[in-house]
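Per-chain numbering from 1; labels A, B, C and D assigned in written order.
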Amino acid sequence: MTITVALFGIAREIVGQPSIALDAPAGQSAAGLLAELRSAYPGLAGLRSLAVAVNSEYAADDVVLHERDEIALIPPVSGG
Amino acid sequence: MTITVALFGIAREIVGQPSIALDAPAGQSAAGLLAELRSAYPGLAGLRSLAVAVNSEYAADDVVLHERDEIALIPPVSGG
Amino acid sequence: MQIDLTDQPIDVAAVLQAAESAEAGAVNAFIGTVRNRSEGRRVVRLHYEAYPPMALRQLARVAEMAQEKWPMLRKIAITHRHGTLEIGDVAVVVAVSTPHRADSFAACEYIIDTLKEVVPIWKKEEYEDGTVWVAAHP
Amino acid sequence: MQIDLTDQPIDVAAVLQAAESAEAGAVNAFIGTVRNRSEGRRVVRLHYEAYPPMALRQLARVAEMAQEKWPMLRKIAITHRHGTLEIGDVAVVVAVSTPHRADSFAACEYIIDTLKEVVPIWKKEEYEDGTVWVAAHP
(Lines give C-alpha, C1' and ligand atoms only; values in the text may rest on other atoms or scores of the structure.)
Protein backbone atom coordinates (compact mmCIF):
# COMPACT_ATOMS: atom_id res chain seq x y z
CA MET A 1 0.00 0.00 0.00
CA THR A 2 0.99 3.63 -0.35
CA ILE A 3 0.80 5.89 2.65
CA THR A 4 1.23 9.64 2.72
CA VAL A 5 2.91 11.24 5.72
CA ALA A 6 2.43 14.95 6.42
CA LEU A 7 5.46 16.75 7.81
CA PHE A 8 5.64 19.82 10.05
CA GLY A 9 8.14 22.18 11.63
CA ILE A 10 11.69 20.92 11.87
CA ALA A 11 10.69 17.49 10.47
CA ARG A 12 9.48 19.21 7.30
CA GLU A 13 12.77 21.09 7.08
CA ILE A 14 14.88 17.96 7.64
CA VAL A 15 13.05 15.99 4.98
CA GLY A 16 12.85 19.03 2.70
CA GLN A 17 9.21 18.68 1.70
CA PRO A 18 5.77 19.08 3.32
CA SER A 19 4.77 15.43 2.85
CA ILE A 20 6.14 12.14 1.59
CA ALA A 21 4.50 9.15 -0.06
CA LEU A 22 5.89 5.76 0.95
CA ASP A 23 5.38 2.16 -0.09
CA ALA A 24 4.57 0.30 3.09
CA PRO A 25 3.88 -3.38 3.79
CA ALA A 26 0.34 -4.27 4.80
CA GLY A 27 0.13 -4.19 8.58
CA GLN A 28 2.84 -1.53 8.90
CA SER A 29 2.79 -0.15 12.45
CA ALA A 30 3.40 3.38 13.68
CA ALA A 31 6.70 2.21 15.22
CA GLY A 32 7.68 0.56 11.94
CA LEU A 33 7.04 3.76 10.04
CA LEU A 34 9.11 5.76 12.53
CA ALA A 35 12.03 3.35 12.22
CA GLU A 36 11.90 3.51 8.44
CA LEU A 37 11.83 7.32 8.38
CA ARG A 38 14.64 7.66 10.91
CA SER A 39 16.74 5.39 8.77
CA ALA A 40 15.94 7.29 5.55
CA TYR A 41 16.41 10.73 7.16
CA PRO A 42 19.07 10.49 9.89
CA GLY A 43 18.42 14.10 10.94
CA LEU A 44 15.11 12.95 12.42
CA ALA A 45 16.96 10.74 14.90
CA GLY A 46 18.49 13.84 16.55
CA LEU A 47 15.15 15.27 17.63
CA ARG A 48 14.08 15.35 21.26
CA SER A 49 10.98 13.34 20.37
CA LEU A 50 9.12 12.15 17.31
CA ALA A 51 5.57 10.81 17.26
CA VAL A 52 3.18 9.48 14.66
CA ALA A 53 -0.34 10.86 14.49
CA VAL A 54 -3.15 8.98 12.80
CA ASN A 55 -6.37 10.84 12.05
CA SER A 56 -5.48 13.68 14.44
CA GLU A 57 -4.66 11.40 17.40
CA TYR A 58 -1.28 10.36 18.73
CA ALA A 59 -0.69 6.74 17.70
CA ALA A 60 0.74 4.13 20.07
CA ASP A 61 3.67 2.11 18.70
CA ASP A 62 1.51 -0.86 17.70
CA VAL A 63 -1.20 1.04 15.86
CA VAL A 64 -1.56 -0.41 12.35
CA LEU A 65 -1.60 2.09 9.49
CA HIS A 66 -4.08 1.99 6.64
CA GLU A 67 -3.93 3.52 3.19
CA ARG A 68 -6.70 6.02 3.82
CA ASP A 69 -5.45 7.17 7.23
CA GLU A 70 -4.34 10.76 7.60
CA ILE A 71 -0.82 10.20 8.88
CA ALA A 72 1.55 12.86 10.19
CA LEU A 73 4.96 13.02 11.80
CA ILE A 74 4.96 15.14 14.97
CA PRO A 75 8.33 16.60 16.03
CA PRO A 76 8.62 18.19 19.52
CA VAL A 77 5.72 20.62 19.87
CA SER A 78 6.30 24.15 21.15
CA GLY A 79 2.99 25.97 21.04
CA GLY A 80 1.73 28.37 23.65
CA MET B 1 -8.88 65.75 72.39
CA THR B 2 -11.64 65.05 69.87
CA ILE B 3 -11.15 62.27 67.33
CA THR B 4 -13.35 61.46 64.39
CA VAL B 5 -13.82 57.84 63.41
CA ALA B 6 -15.05 56.98 59.90
CA LEU B 7 -17.37 53.97 59.70
CA PHE B 8 -17.97 51.58 56.82
CA GLY B 9 -20.10 48.63 55.85
CA ILE B 10 -21.78 46.78 58.67
CA ALA B 11 -20.02 48.96 61.29
CA ARG B 12 -21.68 52.01 59.76
CA GLU B 13 -25.03 50.23 59.89
CA ILE B 14 -24.59 49.11 63.52
CA VAL B 15 -23.63 52.59 64.69
CA GLY B 16 -26.24 54.19 62.44
CA GLN B 17 -24.05 56.96 61.01
CA PRO B 18 -21.07 57.31 58.66
CA SER B 19 -18.72 58.74 61.31
CA ILE B 20 -18.61 59.54 64.99
CA ALA B 21 -16.76 62.22 66.94
CA LEU B 22 -15.44 61.13 70.35
CA ASP B 23 -13.77 62.78 73.28
CA ALA B 24 -10.64 60.76 73.89
CA PRO B 25 -7.91 61.04 76.54
CA ALA B 26 -4.47 62.15 75.33
CA GLY B 27 -2.46 59.04 74.50
CA GLN B 28 -5.54 56.99 73.60
CA SER B 29 -4.44 53.81 71.81
CA ALA B 30 -6.08 51.96 68.93
CA ALA B 31 -6.96 49.11 71.33
CA GLY B 32 -8.44 51.62 73.79
CA LEU B 33 -10.62 53.12 71.08
CA LEU B 34 -11.83 49.67 70.03
CA ALA B 35 -12.75 48.77 73.61
CA GLU B 36 -14.64 52.00 74.03
CA LEU B 37 -16.58 51.57 70.80
CA ARG B 38 -17.45 47.93 71.53
CA SER B 39 -18.79 48.97 74.87
CA ALA B 40 -20.83 51.86 73.41
CA TYR B 41 -22.14 49.77 70.47
CA PRO B 42 -22.47 46.12 71.56
CA GLY B 43 -23.36 45.06 68.01
CA LEU B 44 -19.73 45.66 67.05
CA ALA B 45 -18.63 42.91 69.45
CA GLY B 46 -20.44 40.31 67.34
CA LEU B 47 -18.34 40.93 64.24
CA ARG B 48 -15.80 38.38 63.01
CA SER B 49 -13.06 41.01 63.28
CA LEU B 50 -12.70 44.72 63.83
CA ALA B 51 -9.59 46.78 63.17
CA VAL B 52 -8.57 50.39 63.51
CA ALA B 53 -6.95 52.14 60.57
CA VAL B 54 -4.87 55.29 61.04
CA ASN B 55 -4.00 57.31 57.95
CA SER B 56 -4.89 54.42 55.59
CA GLU B 57 -2.77 51.83 57.43
CA TYR B 58 -3.90 49.11 59.79
CA ALA B 59 -2.94 50.20 63.32
CA ALA B 60 -1.38 47.83 65.86
CA ASP B 61 -3.06 47.77 69.29
CA ASP B 62 -0.53 50.13 70.87
CA VAL B 63 -0.58 52.82 68.18
CA VAL B 64 -1.34 56.16 69.82
CA LEU B 65 -4.06 58.26 68.18
CA HIS B 66 -3.73 61.97 67.49
CA GLU B 67 -6.37 64.57 66.85
CA ARG B 68 -5.44 65.11 63.21
CA ASP B 69 -5.17 61.43 62.30
CA GLU B 70 -7.61 60.04 59.79
CA ILE B 71 -9.09 57.23 61.85
CA ALA B 72 -11.45 54.52 60.58
CA LEU B 73 -13.07 51.40 61.93
CA ILE B 74 -12.58 48.42 59.59
CA PRO B 75 -15.12 45.58 59.88
CA PRO B 76 -14.38 42.25 58.11
CA VAL B 77 -13.46 43.11 54.51
CA SER B 78 -15.05 41.22 51.62
CA GLY B 79 -13.77 42.76 48.39
CA GLY B 80 -12.82 40.86 45.28
CA MET C 1 2.13 49.26 38.64
CA GLN C 2 -1.38 50.49 37.82
CA ILE C 3 -3.89 50.57 40.68
CA ASP C 4 -7.44 51.81 40.25
CA LEU C 5 -10.71 51.98 42.13
CA THR C 6 -13.74 53.01 40.10
CA ASP C 7 -17.50 53.20 40.29
CA GLN C 8 -17.74 52.73 36.52
CA PRO C 9 -17.73 49.44 34.54
CA ILE C 10 -14.20 48.03 34.32
CA ASP C 11 -12.56 47.93 30.89
CA VAL C 12 -11.05 44.45 31.26
CA ALA C 13 -8.99 44.66 28.06
CA ALA C 14 -7.41 47.92 29.22
CA VAL C 15 -6.34 46.39 32.54
CA LEU C 16 -4.83 43.42 30.72
CA GLN C 17 -3.03 45.70 28.33
CA ALA C 18 -1.58 47.66 31.25
CA ALA C 19 0.01 44.41 32.46
CA GLU C 20 1.56 43.40 29.14
CA SER C 21 5.28 43.84 28.56
CA ALA C 22 7.59 43.05 25.67
CA GLU C 23 9.94 41.53 28.25
CA ALA C 24 7.36 39.18 29.69
CA GLY C 25 5.80 36.36 27.67
CA ALA C 26 3.25 35.39 30.30
CA VAL C 27 0.24 37.36 31.49
CA ASN C 28 -2.11 35.89 34.06
CA ALA C 29 -5.37 37.61 34.84
CA PHE C 30 -8.05 37.01 37.41
CA ILE C 31 -11.49 38.47 36.78
CA GLY C 32 -14.04 38.39 39.56
CA THR C 33 -17.64 38.67 38.41
CA VAL C 34 -20.95 38.82 40.24
CA ARG C 35 -22.46 35.34 40.59
CA ASN C 36 -26.17 34.71 40.58
CA ARG C 37 -25.93 32.43 43.62
CA SER C 38 -24.14 32.56 46.97
CA GLU C 39 -24.29 29.71 49.46
CA GLY C 40 -27.45 28.41 47.87
CA ARG C 41 -29.33 31.72 47.77
CA ARG C 42 -30.23 33.56 44.60
CA VAL C 43 -28.37 36.87 44.40
CA VAL C 44 -30.21 39.78 42.77
CA ARG C 45 -27.30 42.27 42.81
CA LEU C 46 -24.32 43.33 44.89
CA HIS C 47 -23.36 46.55 46.60
CA TYR C 48 -19.66 47.23 47.12
CA GLU C 49 -18.69 49.92 49.59
CA ALA C 50 -15.09 51.12 49.66
CA TYR C 51 -12.96 53.35 51.88
CA PRO C 52 -11.26 54.87 48.85
CA PRO C 53 -7.96 56.37 50.08
CA MET C 54 -7.17 53.35 52.24
CA ALA C 55 -8.37 50.89 49.58
CA LEU C 56 -6.00 52.43 47.02
CA ARG C 57 -3.17 52.45 49.57
CA GLN C 58 -3.75 48.80 50.50
CA LEU C 59 -4.10 47.71 46.85
CA ALA C 60 -0.71 49.30 46.21
CA ARG C 61 0.74 47.54 49.27
CA VAL C 62 -0.51 44.18 48.03
CA ALA C 63 1.14 44.84 44.67
CA GLU C 64 4.37 45.87 46.43
CA MET C 65 4.36 42.70 48.52
CA ALA C 66 3.87 40.61 45.38
CA GLN C 67 6.75 42.43 43.70
CA GLU C 68 8.98 41.57 46.69
CA LYS C 69 7.99 37.90 46.64
CA TRP C 70 8.28 37.61 42.83
CA PRO C 71 11.06 40.00 41.79
CA MET C 72 10.66 38.87 38.17
CA LEU C 73 7.21 40.48 37.99
CA ARG C 74 7.27 43.03 35.18
CA LYS C 75 3.90 44.72 35.48
CA ILE C 76 0.98 44.56 37.86
CA ALA C 77 -2.45 46.07 37.15
CA ILE C 78 -5.36 45.94 39.58
CA THR C 79 -8.77 47.57 39.19
CA HIS C 80 -11.58 47.16 41.69
CA ARG C 81 -15.08 48.46 41.18
CA HIS C 82 -17.44 49.74 43.84
CA GLY C 83 -21.06 50.80 43.89
CA THR C 84 -24.01 48.68 42.77
CA LEU C 85 -23.19 45.73 40.47
CA GLU C 86 -25.57 43.50 38.57
CA ILE C 87 -25.17 39.76 37.91
CA GLY C 88 -22.28 39.18 35.49
CA ASP C 89 -20.66 42.57 36.13
CA VAL C 90 -16.90 42.55 36.66
CA ALA C 91 -16.01 43.49 40.25
CA VAL C 92 -12.23 43.12 40.13
CA VAL C 93 -9.45 42.48 37.63
CA VAL C 94 -5.90 41.54 38.61
CA ALA C 95 -3.34 41.12 35.83
CA VAL C 96 0.40 40.46 36.06
CA SER C 97 3.18 39.69 33.63
CA THR C 98 6.31 37.60 34.12
CA PRO C 99 8.89 36.10 31.78
CA HIS C 100 7.75 32.55 32.62
CA ARG C 101 4.21 31.40 33.15
CA ALA C 102 4.31 29.55 36.49
CA ASP C 103 5.29 32.79 38.24
CA SER C 104 2.39 34.65 36.64
CA PHE C 105 -0.14 32.18 38.06
CA ALA C 106 1.41 32.19 41.54
CA ALA C 107 1.75 35.97 41.77
CA CYS C 108 -1.76 36.67 40.46
CA GLU C 109 -3.30 34.20 42.90
CA TYR C 110 -1.31 35.70 45.79
CA ILE C 111 -2.56 39.17 44.87
CA ILE C 112 -6.26 38.28 44.72
CA ASP C 113 -6.03 36.16 47.89
CA THR C 114 -4.28 38.94 49.82
CA LEU C 115 -6.54 41.65 48.38
CA LYS C 116 -9.55 39.81 49.81
CA GLU C 117 -7.93 39.81 53.25
CA VAL C 118 -6.70 43.38 53.59
CA VAL C 119 -8.31 45.82 51.17
CA PRO C 120 -11.11 47.83 52.84
CA ILE C 121 -13.95 47.05 50.48
CA TRP C 122 -17.20 45.55 51.71
CA LYS C 123 -19.71 43.52 49.78
CA LYS C 124 -23.42 43.48 50.58
CA GLU C 125 -25.36 40.76 48.80
CA GLU C 126 -28.93 41.55 47.91
CA TYR C 127 -31.36 38.62 47.73
CA GLU C 128 -35.04 38.71 46.85
CA ASP C 129 -35.88 38.86 50.56
CA GLY C 130 -33.11 40.89 52.16
CA THR C 131 -29.43 41.81 52.25
CA VAL C 132 -26.34 40.49 54.06
CA TRP C 133 -22.87 41.98 54.55
CA VAL C 134 -20.65 39.13 53.37
CA ALA C 135 -18.41 37.43 55.95
CA ALA C 136 -19.17 40.05 58.62
CA HIS C 137 -20.11 37.56 61.34
CA PRO C 138 -18.33 34.39 62.51
CA MET D 1 -16.29 25.09 25.27
CA GLN D 2 -14.92 27.41 22.59
CA ILE D 3 -11.78 26.29 20.76
CA ASP D 4 -10.19 28.32 17.99
CA LEU D 5 -7.06 28.40 15.87
CA THR D 6 -6.53 31.52 13.81
CA ASP D 7 -3.94 33.30 11.70
CA GLN D 8 -5.45 36.66 12.63
CA PRO D 9 -4.77 38.79 15.75
CA ILE D 10 -6.59 37.35 18.77
CA ASP D 11 -9.41 39.40 20.28
CA VAL D 12 -8.47 38.79 23.92
CA ALA D 13 -11.61 40.40 25.33
CA ALA D 14 -13.80 38.16 23.17
CA VAL D 15 -12.06 35.01 24.46
CA LEU D 16 -12.50 36.17 28.05
CA GLN D 17 -16.13 36.95 27.43
CA ALA D 18 -16.66 33.47 26.02
CA ALA D 19 -15.46 32.07 29.36
CA GLU D 20 -17.69 34.20 31.58
CA SER D 21 -20.78 32.72 33.18
CA ALA D 22 -23.43 34.09 35.52
CA GLU D 23 -22.98 30.90 37.56
CA ALA D 24 -19.23 31.34 38.00
CA GLY D 25 -17.75 34.25 39.91
CA ALA D 26 -14.14 33.48 38.99
CA VAL D 27 -12.47 33.76 35.61
CA ASN D 28 -8.79 33.00 35.21
CA ALA D 29 -7.03 33.78 31.97
CA PHE D 30 -3.56 33.09 30.69
CA ILE D 31 -2.27 35.20 27.81
CA GLY D 32 0.95 34.18 26.10
CA THR D 33 2.69 36.99 24.25
CA VAL D 34 5.84 37.13 22.13
CA ARG D 35 8.85 38.10 24.27
CA ASN D 36 11.72 40.13 22.90
CA ARG D 37 14.28 37.75 24.46
CA SER D 38 14.67 34.00 24.67
CA GLU D 39 17.49 32.37 26.60
CA GLY D 40 19.55 35.52 26.38
CA ARG D 41 19.08 36.11 22.64
CA ARG D 42 17.16 39.00 21.16
CA VAL D 43 14.08 37.74 19.32
CA VAL D 44 13.01 39.65 16.21
CA ARG D 45 9.76 37.78 15.59
CA LEU D 46 8.20 34.34 15.84
CA HIS D 47 6.75 31.94 13.30
CA TYR D 48 4.10 29.49 14.51
CA GLU D 49 3.30 26.53 12.32
CA ALA D 50 0.24 24.43 13.10
CA TYR D 51 -1.23 21.14 11.93
CA PRO D 52 -4.75 22.61 11.99
CA PRO D 53 -7.16 19.65 12.19
CA MET D 54 -5.05 17.84 14.77
CA ALA D 55 -4.31 21.05 16.70
CA LEU D 56 -8.03 21.76 17.03
CA ARG D 57 -8.71 18.14 18.02
CA GLN D 58 -5.96 18.17 20.66
CA LEU D 59 -7.00 21.58 22.02
CA ALA D 60 -10.49 20.16 22.50
CA ARG D 61 -9.03 17.07 24.21
CA VAL D 62 -7.07 19.22 26.63
CA ALA D 63 -10.26 21.12 27.49
CA GLU D 64 -12.13 17.82 27.94
CA MET D 65 -9.41 16.50 30.26
CA ALA D 66 -9.60 19.70 32.32
CA GLN D 67 -13.39 19.37 32.53
CA GLU D 68 -12.97 15.82 33.86
CA LYS D 69 -10.41 16.88 36.48
CA TRP D 70 -12.38 19.99 37.52
CA PRO D 71 -16.07 19.08 37.09
CA MET D 72 -17.05 22.52 38.46
CA LEU D 73 -15.59 24.24 35.38
CA ARG D 74 -18.39 26.22 33.75
CA LYS D 75 -16.78 27.47 30.56
CA ILE D 76 -13.48 27.00 28.79
CA ALA D 77 -12.25 29.16 25.90
CA ILE D 78 -8.94 28.62 24.12
CA THR D 79 -7.62 30.49 21.08
CA HIS D 80 -4.19 29.89 19.58
CA ARG D 81 -2.72 31.97 16.81
CA HIS D 82 -0.39 30.76 14.05
CA GLY D 83 1.59 32.44 11.31
CA THR D 84 4.15 35.21 11.82
CA LEU D 85 3.93 37.14 15.11
CA GLU D 86 5.76 40.29 16.12
CA ILE D 87 7.06 41.15 19.60
CA GLY D 88 4.15 41.77 21.96
CA ASP D 89 1.61 39.94 19.82
CA VAL D 90 -0.71 37.54 21.63
CA ALA D 91 0.01 33.92 20.69
CA VAL D 92 -2.46 32.11 22.93
CA VAL D 93 -5.32 32.86 25.30
CA VAL D 94 -6.79 30.33 27.74
CA ALA D 95 -9.74 31.42 29.87
CA VAL D 96 -11.86 29.38 32.27
CA SER D 97 -14.61 30.11 34.74
CA THR D 98 -15.44 28.37 38.01
CA PRO D 99 -17.64 29.22 41.00
CA HIS D 100 -14.59 29.60 43.29
CA ARG D 101 -11.28 31.15 42.37
CA ALA D 102 -8.72 28.53 43.41
CA ASP D 103 -10.17 26.09 40.87
CA SER D 104 -9.94 28.68 38.10
CA PHE D 105 -6.20 29.13 38.66
CA ALA D 106 -5.51 25.39 38.86
CA ALA D 107 -7.57 24.50 35.78
CA CYS D 108 -6.19 27.31 33.64
CA GLU D 109 -2.60 26.39 34.53
CA TYR D 110 -3.29 22.71 33.77
CA ILE D 111 -4.69 23.65 30.36
CA ILE D 112 -1.75 25.81 29.26
CA ASP D 113 0.79 23.31 30.64
CA THR D 114 -0.86 20.40 28.84
CA LEU D 115 -1.43 22.41 25.66
CA LYS D 116 2.31 23.01 25.45
CA GLU D 117 2.96 19.28 25.66
CA VAL D 118 0.44 17.86 23.23
CA VAL D 119 -0.94 20.38 20.74
CA PRO D 120 0.80 20.14 17.35
CA ILE D 121 1.98 23.72 16.99
CA TRP D 122 5.62 24.58 16.39
CA LYS D 123 7.41 27.81 17.17
CA LYS D 124 10.40 29.04 15.20
CA GLU D 125 12.24 31.93 16.82
CA GLU D 126 13.84 34.43 14.50
CA TYR D 127 16.93 36.24 15.77
CA GLU D 128 18.98 38.87 13.98
CA ASP D 129 21.38 36.15 12.82
CA GLY D 130 19.24 33.08 12.23
CA THR D 131 16.27 30.97 13.28
CA VAL D 132 15.71 28.04 15.66
CA TRP D 133 12.81 25.63 16.07
CA VAL D 134 12.13 25.86 19.80
CA ALA D 135 12.78 22.77 21.93
CA ALA D 136 13.31 20.54 18.90
CA HIS D 137 16.63 19.12 20.06
CA PRO D 138 17.61 17.65 23.44
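Criterion: a contact is a pair of C-beta atoms (placed from the backbone, for glycine too) under 8 Å apart; a residue touches a chain by one contact, two chains touch by 3 or more.
A quick note: this is a predicted structure, and the numbers were derived from the prediction, not measured.
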{"item": "Between chain A and chain D, the fewest steps along chains that touch one another", "value": "1"}
{"item": "Distance between chain centroids, defined by C-alpha means - chain C, chain D (Å)", "value": "23"}
{"item": "Gap in Å, rounded to a whole number, between the CA centres of chain D and chain B", "value": "48"}
{"item": "Two or more partner chains touched - positions in chain C", "value": "32, 112"}
{"item": "Sites on chain A at which at least two other chains make contact", "value": "none"}
{"item": "Listing of all chain pairs that touch each other, if any do", "value": "A-D, B-C, C-D"}
{"item": "Residue numbers on chain C that touch chain B, as the complex places them", "value": "32, 48-51, 53-55, 57-58, 80, 91-92, 112, 115-124, 133-138"}
{"item": "Chain D-touching residues of chain C, taken from the complex the two chains share", "value": "12-13, 16, 20, 22-37, 87-88, 97, 99, 101-102, 104-105, 108-109, 112"}
{"item": "For the chain B and chain C complex, residues of the former touching the latter", "value": "6, 8-10, 12-13, 46-48, 53, 56-58, 70, 72, 74-80"}
